[in-house]
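Following are the structures in question.
Look at the two complexes coming up: chain A is in both, with chain B in one and chain C in the other.
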Partner chain A sequence: MSLWVDKFRPRTLDDLHYHERLSARLKSLAASGDFPHMLFYGPSGAGKKTRITCTLRQLFGPGVEKLKIDQRVFLTPSKRKIEVNLVTSNFHIEITPSEAGNYDRVVIQELLKEIAQTQQVDLNAKQRFKVVIINEADSLSRDAQAALRRTMEKYMSNMRVILCANSTSRLIAPIKSRCLLMRVPAPSDSEMETVLTHVAKRAYFDLPPEVAQDIIKDSGGNMRKAVLVLEALKMQSPDLSGPLTIAKSDWESYCQKIANLIVTEQTPARVMEIRTKFYELLSHCIPPTVILKTVAEAVVSQVDETLKAEIIHWAAFYEVRMRIGSKKIYHLEAWVVKVMSLYKQSFYQFDISDF
Partner chain B sequence: MALFVSNGLLGPPALDKPTAESLFTLNGLLGPSLASASVSAAGPSDQFLQNGPVSEASNNIQVGPTFTPNGLLSSGTLERAHVSVESDEDSSPTAAQAVGIRTQNNLRYLIPAKTFDGKAVYFNRKPKITKQKGSLRGSARMANLLDVPIHRLIDAISVETAAKLQEADHQSVASTPDPQTTEDTLWVDRYRPRQFADLMGNERVAREVMAWVKQWDWCVFGKTQGKKRPRDDDQEYDTGDEYRRPREKLLLLSGPPGLGKTSLAHVIARQAGYEVMEINASDARSGSVVDDRIRPALESGRAVGSTKPVLLIIDEIDGATGTGENSSTFIHKLVHLTQDKTSRKGRSKNRDPNAKRPILRPIICICNDQNAASLAKLRPHCLQIRFARPADIHTVKRLREVCTIEGLKADSRAITTLVGIARGDLRGCLNTLQFIKSRNQDVTEAIIRRATVGMKEAETSLVSVINGLFTPLTQKRVKELGMTEVEESKYVVRLSREIDGCGRESSIAVGCFAHYATLHQHDATFSRYEKANEWLITFDLLSAAMYSDGDFALSPYIPYTLVPFYPLFKERNGQRVERSVVDWESQVQTRANQEIYKSLARCLQAASTRHGGDYRHFSSTPVLQLEFAPYINRIISPPLRPVNSQVIKPEERVLLARLVDIMATLELQFFQERTEDGQLAYRLDPPIDVFITYDGKRAADIPVSRYAVRHLVAGEIEAQLIARKVDVVERGKRGKHDSLFGKSSTANSGHREPASSPTKASDGVATPPNKRARTQVPAVDIADKPPTDFFGRLITVQSSSTTKAAARKNVEKKYRVTYRFNEGNSAAVRKPMKMNSFM
Partner chain C sequence: MSKASQPSTSKAKSTKKTKSKVTTVKLGATPSHSQRINPLTAFVNTSCSEDGTRNTSQLTNKGKEKQIYSAELAVHAKKVLDVRRWLDEALVGGPSGKLRKYRRILALTGPAGTGKTATIRVLARELDCEVLEWRNAMVDTSPTIFRDDALPETTYPHPYDSESLFSKFEAFLARASMCRTIFDDASESSSPQSQSSRRRIILLEDLPNILHANTRTRFHVALQSLVMSSALNPVPVVIVVSDAGMRGEASDERLANGSYGKDRDDVLDIRTILPKDILNGPYVTQIGFNPIAPTLMKKALQTLISTHFASSKCNGFAPTKETLDIVIQTSNGDIRSAIMALQFACVVGMPGVKGRKKGSSNAAVVLQAVTRREQSLELFHLIGKVMYNKRKGDPPNPSATARDMQKERDLDALLKDPQKLPSFLDSHARRTSRVNVDLLYADSPVDSSLFSLYIHQNYTQFCNEVEECDGVADWLSWIDSSGGEAWYQANPHRFHLLTLGTLHSLPSPVPRRGQKLFKPEFFDFLAKEKDAWDAVRDVRGWLMEDAAAQEGDGWRLGGWCRAEVVTELGGVLKARDAKASRPHAPASHRLFSSLQFVFGGDDARLSQLDEGDAFSANVDVLEDEGVAEGGWSDIREGGGWLENDDIEDFY
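Right after this comes the complex of A and B.
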C-alpha cells in the first residue's frame, strides 16, 4: 500500500489541481510534436515531479506508468564501482546522478550517450524520442553539466532531457539556454486547501477546515509535507476530534529550541550547550545548511527589528563558508558566537568593546 | 640498583663487569660475611646516618659523591664482619641477604617468594625508597646546620667535580689511549634489565603487569600452582570462565617511547616462566597473521622447540590495521580471538576439529598512543596499564651508575638536564651518553645541550600539542630547554613547529574547538571567541581547499592558523586539556545513522519496485531526512489498544490493517528481543525511530507503543510478508507448470474434492495438490470474524489496495466483491475470487 502522497498523486495533466496555465502549456507542448528540453524548477514539494510524470503520460500515453526499477553499476576511472538506481519505462529513464557523488560525470556521460545512441525501437510509440529525467540537477557537478551540454545538442533527434531542480542558480548558463525553463511555484494556501480536501475525500473522511488551515500554515507551501502531515494526523488521531496538534518534524522543533537558547542567554556555557545540540542535529544527518537556515529564521522571529538584517546577513555569510569548508560545526558555532555578540551589544545599547 | 644485585639470588648479576671497588659489588662481598656473622641490630638510624658526611669526606674521591649509607658501608666497613643494621624503624635494613637465611631478625623485612622452578627467594622490602628517605632526611638535617643552602652546595660540588674531571681527563687522555674505543654493543642493550628486580622506576606498573600475568597461572600451569597461596583466590578471574582466566584476556601497555615497555614485558614474561613470542612492526600485521601465526601458537600453547608455555607480545600495536569497519583487520581478529567461547565443552568427544578453541595463553599488547583510532575496538577488552614517566631522580641515578661503569665522567647536573630534555626517555638518554662517550667527551651541560638539539623537536603527542596551545611553558621546562626570556616570549615559531611536528592538524583543530569554550575567562563581548572562530574557519577553509583540490602546497600555512589560540586563550595553571571525544562520538553516531537512512532508502526502493514506483520520490537526500523520516514515524504509531486481534473494534481493525500494510510494504518489522534486564521487547528494524529521538528522548507527541501492541502488529506483518512470499512462489510455480506441463494445473483442479467451504474453493483453480492439506486447517478462524466484515466494504478497500499491480486498475470499481483469505502465520493461500465461484 502506498502513502497518500503517492496514492492520490494526479496522474494526468487534467487531474492537476493548481497552476492550470502551466498544465495547459505543457499539454500544448506535448501535442505539438516539437518537444524541447525542459528544466523544471521551484521549491521542494511544489509538484515538479508530478508535473513531469503527467507530461510524460501526455506524451507517451499510459505506457510510461509501467515502471521498472533497477540498479546499474558504473565504473569510475579509478576503478571504483558506484551504484545508481534507474527508474525506466519503455519511453523514458529517470536518474538521480547525485547518488554517485563526485562521479556524477561518469553516469551522465555513459548513460546519456548510451540512450542517445539508440533509437526508439517501438514502432507504436507516439514519439520518436526517449526522455531522460535528471533529478536534483542543481547538485550536478560542473563536470557533469559540461558533459551534459554537448550531448543535449548532438542527440536532440533521439532524446529529450528534463531537468528537475530546486533553483537554477547552480546550473551553468549553457544548460539553461538549451532548456525551456518551467517554474513551478509553491501552491498558494487556497490551492493547498483544495488539494487537502480532495485527498480527504478520496480517503473517505471529512477534513475540518481549521485543521486544514493549521496544516497549511505549518507546511510552508510544501505540498508533499502537507499531505504527509495530514496522513500522520489521521493515523495518530483517527477521528480528527479534540484538540489536534499538528506534528512538527522533530528536527524543526529542535532548531527552534536552539534559537530560544541563543536568545535567552549569551554565555560561554550556553555556547557549549548549543554545540552539543548542533552535534545532535548533525548526527541525525540533517543538512547543516538547513540547520543554519532554520535556526536563523527562528532567531530572527524573536529579536529586535534592527538586528534582523544583521543576523540574516551573517547566516548567509557563514553558510557560504560552510559550503566551501569541510568541518560544518565550526561554521555553525562561529555564527552562534557572532549572533550572541551582536545580541549582547544591541541589548546593552552600546558597544562594550570600547571598554 | 645496588641493593637488588645484592641479593644475588635472582640470577647472574645485572652488570656484566662488576668492578671490585664499586658500590655494586658490595653485596656480593657482604652476602657471605653476613651469613656467618650474627647481625646485631645496633644504633638508632639517625646516628648512623649522621655518620654519612663524615665518612663520605674520606672516600668521595674514589667513589664519587654518594650520600647513601650504602656507599659508606661498602668502602668503610667492608672488611669487617660486624655490620650495624638499623632495625628499630619499620624501614628496612639495607643489608644484603644470601640464599636461605632465615634469621628471625631478617624475616621481618623479607618477602618470601619462589621462582618458577621452586627455589626459595627472598626480596627485600622496598629498600630503595627508605634509602632515599634516609638520605633526604640527612640532608634536611644538614640544611639546618649549614649556613649555605644545600642545593648551592651541591651545585658547587658538581661544578667542582666537573672541573676535576676535566683535569683528570686531560691527564688520562694525554697518558693512555682509551682501551674501550671500540664498542660492539649499544649501551641500551648492555644495560637492558634482565630480571624483575632490575626494573626501574615504575614499580607499581611492573607489579600490576606481574599480577595480571600471574592470574593466568591456574589456566597455564594447572591447578596446583595457583592453589598454594590462599590470598590469590580473590575472585580476580572471570567466574564464568571454565579455565579461570583473568577477566580481561589482553593487557594493553601504553606510554611514551623509551621508558622500557617492551623490556618490562619481556622480563616479566620470562620471570613468570613463559617463552616470549613477539610480533612487532617488522612483521606483517594484517588480519591474516592472527589466523596464520598467532592462533596456532596460542592453541598449541608452546613455541616451537621449547618446553615453556608461550606468551605473546604484540609490540607497537597502534600501527596494526584496525581502523575501519572491515572485519578482517588485525585488531578485529584479535578481539575475536579473545572472545571465542567454547560453545561445545571439552567433554563432548566428537567435536569439530576446525572449531575455534579458546586461547589459553596471555597476550600483552604494547603501544605508544593509547587513544589511537585503530585501538578503539580493542580498548574495551583490555586491561589497560599506562606507563608514566618515572620520577627523574630514578632515571638520573641509573644513568649515573651507567656512567660510572662505563668510565664516563658525568656531572650530575648535566645528567639531570639530559633527562629533562629527553622527558624521561631512558633509551634516548643512553644513546646520547654513548654518543658523547664515543667522542671521548665529558658529560657537561654544554655538551648535553649541543647533543640534544634534535631531541627538543621529538615527536609530540596530540594532547601535549593542544596543551601547549592553551598553557604557557612551565618555568621548569623553560629551564630544561635552556631558553632565554626573549625566546620564551616568541611563541609563533615554536608552536607552529610543534603543530607541524605532530602532523595531525585537523585533530588539533578539533581539540582546540572542544576546549576553548570551556575556559572560564571573562569575555563580555565574545570578541575573543569570534577571533578564535575566525581562525578555526580559516583553518577549515584552507584545509578543505587543500584536500579537495589536492593542492598540498598550502600545507605549510596550516599550522599557523591554529597558533592564535595561544595568545587568545593561554592560561597559566589552567586545567589540563583532555582529549575530547565529543566530536568523534558524533561522527560515529552520524555514520550509524547514515547506515540507517541507507537501509530505509533501500526499503523505499524495494517498495517502489513492487508498487510501480510509488515511494521512489522519498528516497532522495534531503526529503528523506527532513520530511519522510519524521512523518513515517508518526504514521506508523497509531493509538492502538493492546487487545487480541480477534476482538478489536472495526475502526481499529481498519487502522491496524493500514498500519500493517504500510509497514509490510516498507519492510519495516518488529523483532523480538530480550533487553538487558531480561524483559522481552520489540525492536523496530530498520531502527528508524532514532530519527525522532533527540537527546535520548522520543518526540513527545508519539506515544511509545506498548509491547502487546507491537506483538499484535508484528504478528500481522509477519503473516502478510509470508503471504506475499507464498504469492510470489505460487506465481512462479504456476508459470512453470504452464510452460512445462501445459494444462496440468487445470487437470489438478479437476481432481479436487468438491468445495465444502468457500475457503477450499478459493484456491481451487491453480493451486498444486501439495497445498491441499494445509488449506483445510484455518476454516475455523474464518467463523470468528464478524460477518459484517466478511463481505463488508472495509475489507474491500483493504484488499483492493494490497493486491498486486495487476489489480490496481480495478481499484476504482467500487462494488467488486473480493474475498480475502489471510489468517495467522499459516502461509495460507490468498487470491482474489469472483462471487460466482462461491455460488
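Right after this comes the complex of A and C.
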C-alpha cells in the first residue's frame, strides 16, 4: 500500500478541490494547443505538482501515467560520473537536478539537448512536443539556470519546460520572463477541511471535525503534511476518538527545545551544548535554513516585543551568510550567540531600569 | 625486545667513551669523509660503508642488513605478529589451511617512517619468500624484480615499446601471479619440500597514478580480477600506503557544499586505492601502523648506535643522550627521519657536546632545522597559542620557570605598545599581543579551513561571557562566507583575519580552568549526514517502487523531493514502524527521522587533541588502541608534558 498522499491524489484537473479558477485556466491552456513554458510556484504542500501532473494528463491523456524510472549516468567535463534518477513516460520526463549537486548544469544541458533533438515519434500523440518537468527549480545553480535559458528558446518547437519552485526569488529574471507564471497559493482552512474529509471518505472512515481542525492548525497550510498527519493519527488510534495529540515530528520538537535552551541560559557552555544539538539536526539532514527558521520562530515567541525584530533581522542576516558560506554550523552558532547576547543585554537593562 | 637491557648498558658505555674523545675534537674541524653542508648527500657519500648503519637511506631499522630479525623491528610486537600471521595464512593457509582463500590482499597503512615496508621485507626473509615489487619505471627499462629466469628475456619491456605504463603494470600483476602457479604446480608434483623456496608475495608500494580517474578504474579492475581469480595457490598482494597528512580541504568542503558522495577520491588513501567492495569484502585485511612509540624508538636507536660504534673502524661522534632524546622527540614517531637526524648528529657533532648547560637547547635548534618536517608547528601548539591569547604584560604562569619568565620579559621588551585609541573605540583597546600571526601562518600545519574548525570547536571554553563568543562566532561566520565559490576567489587573508579576530575577541588574560583541546566534531557529523542522505535516498526509492508497483498509483513517482522526505515524512514512518504495517519502509530511515533530545552535552564522544596528533584531519588514524600500545601514553603519565599548563612553556 502506498501513502494516502499518493493514493488519493487527484488525477485530473476536474478532481481538484480548490483553486477552481486556476484549474479552469490550465484546462483551457491545455486545450488551446499553444502551450507555453510554465513556472509553478507557491508554498510547500499547496498542490503544485498535483496540478502539473493533472495538466500533463489533460495534455496527453492517460498514456502519460505509464511511467518508468530510469537511472542515467552523466559525465562531467572532469570525467566524473553522476547518477541521476529520471521518471519518464512517452510524453514527458521529470528530473530533480539538485540530485546532481554542483553538476546540475551538465545534467540540464545534456538532458534537454537530448530530448529536444528527438522528435515525438508517436503519431497518435495529442501534442507535437514533449514536456520536461524540473523539480526544485529554485535550487538550480546560476550556471544551470543560464544553460536553461538558452535551451528554452532554441528548442521551443518540440519541447516545453515546466518548472516547479517554492519561490521565484532564486530564479534569474530571463527564466521568469520566458515562462508563464502560475502561483499556487496554500489552501485555506475550509478548503483543507474539504480535502481531509474527502480523503477520510475514500479511506472509508469518518473524520471528526475537531480532529480535522487540529490537523489543519498543525499543518499551517501544507496539504501534504495534513494528509500525512492524518494517516499517522489514524494508524496510532484507529478510531480517532478520545484526546488525540498530534505529535510533532522529532526535529520540530528538537528545534523547540533548542529555543528553550537559548532563552534559559546565556553562557559559553550553553553555546557548546547548543552546537552539539545543531550538529545532530544537521546530521539528520534537516536543511539548515529550516533549522534556523524554526528555532528563530520558537525563540521569537518567547521573548519581549522589542527583541523580536532584531532576532529575526539577525536570522535573515546569518541565513544569507549560510547560503554563501560552506560550513552551516558556523552561521547557526553565530546567530545563537548573537541572540544570546542580545537577550542578555536586554535582560540586564530591564533589570536596571526597574530599580 | 629481549635485547632491551643489554644494548642500553652498552650504549651508556659507548657514550662515555666517545664523550671523552669528542671533547678533544674542535667543532670547526671538518671530518674528512663527510660533506657537512647537505645532510642528504652526506648520507650517500659517507665512506664508512662497511657498516650497515651508515647506509640509512635504505629503510633499515637497525644493525646490518642481513642481521635484522622481526623481533628487532622497532614496530610494536603485536603489529609484527599480525602481519606475520597474515602472511602465514596467505602462504600456507593458517592452522586450518583454509584461510588462504581469503588472504589475498593485505593493506598496510600508517604515517611515513613507521616501518611498514621494513616489516614486510624482514618477515618475507624470515618466512623465506621472495618479494616481487612493482616500480613505476619511467625511463628505466631494466626489468622489475623478476630476478630469476622464469621469464624469457624477450618478455621484458622493451625500451621502445609502445605499452603504456599501466599495461606494464597489468602485465606485471598477471605474470607475477601466473608464474607462481606454474612453478608451484611443478614443484608440488616433484617435491613438496622445495615449495617453501618458491613462495612469493607481490609488494605494491609504488602505485600507478591512481589519482587519474581512468587509471584508477583500471587499477581497481586489475585488483578485482586478481582477487576473484580462482587460482589454486594465489600470490598474496601487499599494498603499502603511507597516509599523507590531509592538508587540503577541498574534498570535505565540497561534501559540505551539498554534492553528495563520490567526491572524496582526491586524497590518496586506502579508500581510493582499493575499491569499496573489495575493501569491505572478505579478501582484504587492513593493518594500520601507528607512529613508532618513543620508548621503542629509543631502544632501536640505542642498539643502532651501540652496534655502529662497537666496530672501531668508524670515526664520528657518538651522540649524547640529550641529542638522542631530541632526535626522538622531533621525529614524531617517524623512525626514518629519526635515523637520518641521528646520522647527521654523528657526522657533524652537535654543539651540545661542548658540555655547557645551554647545549641541549642549541642541539635542539640545529636538529630541528635538520629534521624540520612539513608540519613543523604542531596543531596542538598552534591552537594553544591562539586560544591562550597572551598579551604583553600578562602575569606569568605559576608553573613557569625563571627562564620562561625571562623569555617572556625579553619578548615583551621587543613589543611596542599600541597607540591610544580615541575614547569612542575604548571597547577595542587591547594590550599588544605576544602572538606573531605571520609566524603562525608560516608554521601552520593545517590550512585556514581546518584551522577554523579547530578554533570553532574550542573557543567557547576560553570565553567568560557570551559577548566574547559573539566576536569569535561572527568572525568564523564572516570568514566562511567571504570570498567566492571558486577556489581562486577565496579570500587569501582568511588565516590572518581569523587569528586576529579570535585574539581580539577572546578575553585577556584568558581564564585558566584546565581547558582541554578537542578535535572538531565536524567530520564525524558530516559522515553521519552522508549516511542519513543515503537513507533518504533509500526511502525515496522505496516510495517510488512502492508507487510504481501499483498500476495507476504511479502518479507521484519521483515527486518526493529530499527535503520533503526529511521534514514531513518522519511522523508517518514512525507510525508505520509502530504498527509494523507492510510493506516495511527501509529501516535506515531512522537515521534522519528519529532524533532523541538529550539534555546536556555528552563530552565522552569528543576526542581530545594531543600533541602527537599531527594527522589531525584523519579522524580515524589515532585509535584508542594505538595510543595505548604506543608509548605516548607512558610519557603522558610520566613526564606530564601533555598537561595543558605546559602549553605555555613552549612560548
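Annotations for the structure displayed:
Everything that follows uses one rule, which is that the second predicted complex is superposed on the first by the 349 of 355 C-alpha atoms of A that agree within 3 Å, B and C clash if a C-alpha of one lies under 4 Å from a C-alpha of the other, contacts with A are read in each partner's own complex, and residues count from 1 in each chain.
Assume contacts are C-beta pairs under 8 Å (C-beta built on N, C-alpha and C of every residue); 3 or more make two chains touch, one makes a residue touch a chain.
Keep in mind the model is a prediction, meaning the values are calculated, not measured.
In the superposition on chain A, A:324 makes contact with both chain B and chain C. Once chain A of one complex is fitted onto chain A of the other, the partner contacts of A:250 extend to both chain B and chain C.
Look at A:173: by the touch rule set out above, it reaches neither chain B nor chain C. By the touch criterion defined above, A:271 reaches both chain B and chain C. In the superposition on chain A, contact is made by A:103 with chain C only, not with chain B. Within the superposed three-chain model, A:11 lies in touch with chain C and out of touch with chain B [touch as defined at top]. Of the two partner chains, chain B and chain C are each touched by A:225.
By the document's definition of touching, both partners, chain B and chain C, reach A:333. Of the two partner chains, neither chain B nor chain C is touched by A:73. In the superposition on chain A, the residues of chain A touched by chain B in one structure and by chain C in the other are 1-3, 5-7, 44-45, 49, 65, 67-69, 85, 87, 96, 98, 135-136, 222, 224-225, 228-229, 231-232, 235-236, 247, 249-251, 253-254, 266, 268, 271-272, 275-277, 279-287, 290, 318, 321, 324-327, 329-331, 333-334, 337-338, 340-341, 344.
Those residues of chain A that touch chain C in the complex are listed here as 1-3, 5-7, 9, 11, 44-45, 49, 53, 65, 67-69, 78-82, 85-87, 94, 96, 98, 100-103, 135-136, 222, 224-225, 228-229, 231-233, 235-236, 247, 249-251, 253-254, 257, 266-269, 271-273, 275-277, 279-287, 290, 318, 320-322, 324-331, 333-334, 336-338, 340-341, 344. Contact residues on chain C toward chain A in their complex (touch as defined above): 213-214, 253-254, 256-260, 262, 452-453, 456, 460-461, 463-470, 473-474, 476-478, 480-481, 521-522, 525-526, 528-529, 532-533, 536, 543-544, 546-548, 550, 552-559, 561-564, 566-572, 574-576, 578-579, 581-583, 591-597, 600-602.
Residues 506, 509-510, 513, 517-520, 523-527, 529-530, 533-534, 536-537, 540-541, 543-545, 547-548, 582-583, 586-587, 589-590, 593-594, 597, 605, 608-609, 611-617, 620-623, 625-628, 630-631, 634-639, 651, 655, 658-659, 661-662, 665, 690-692, 694-695, 699, 701-702, 797, 801-802 of chain B are the ones touching chain A in the complex. On chain A, the positions that touch chain B within their shared complex are 1-3, 5-7, 44-45, 49, 65-69, 85, 87, 96, 98, 135-136, 204, 222, 224-225, 228-229, 231-232, 235-238, 245, 247, 249-251, 253-254, 266, 268, 271-272, 275-277, 279-287, 290, 318, 321, 324-327, 329-331, 333-334, 337-338, 340-341, 344-345, 352-353, 355.
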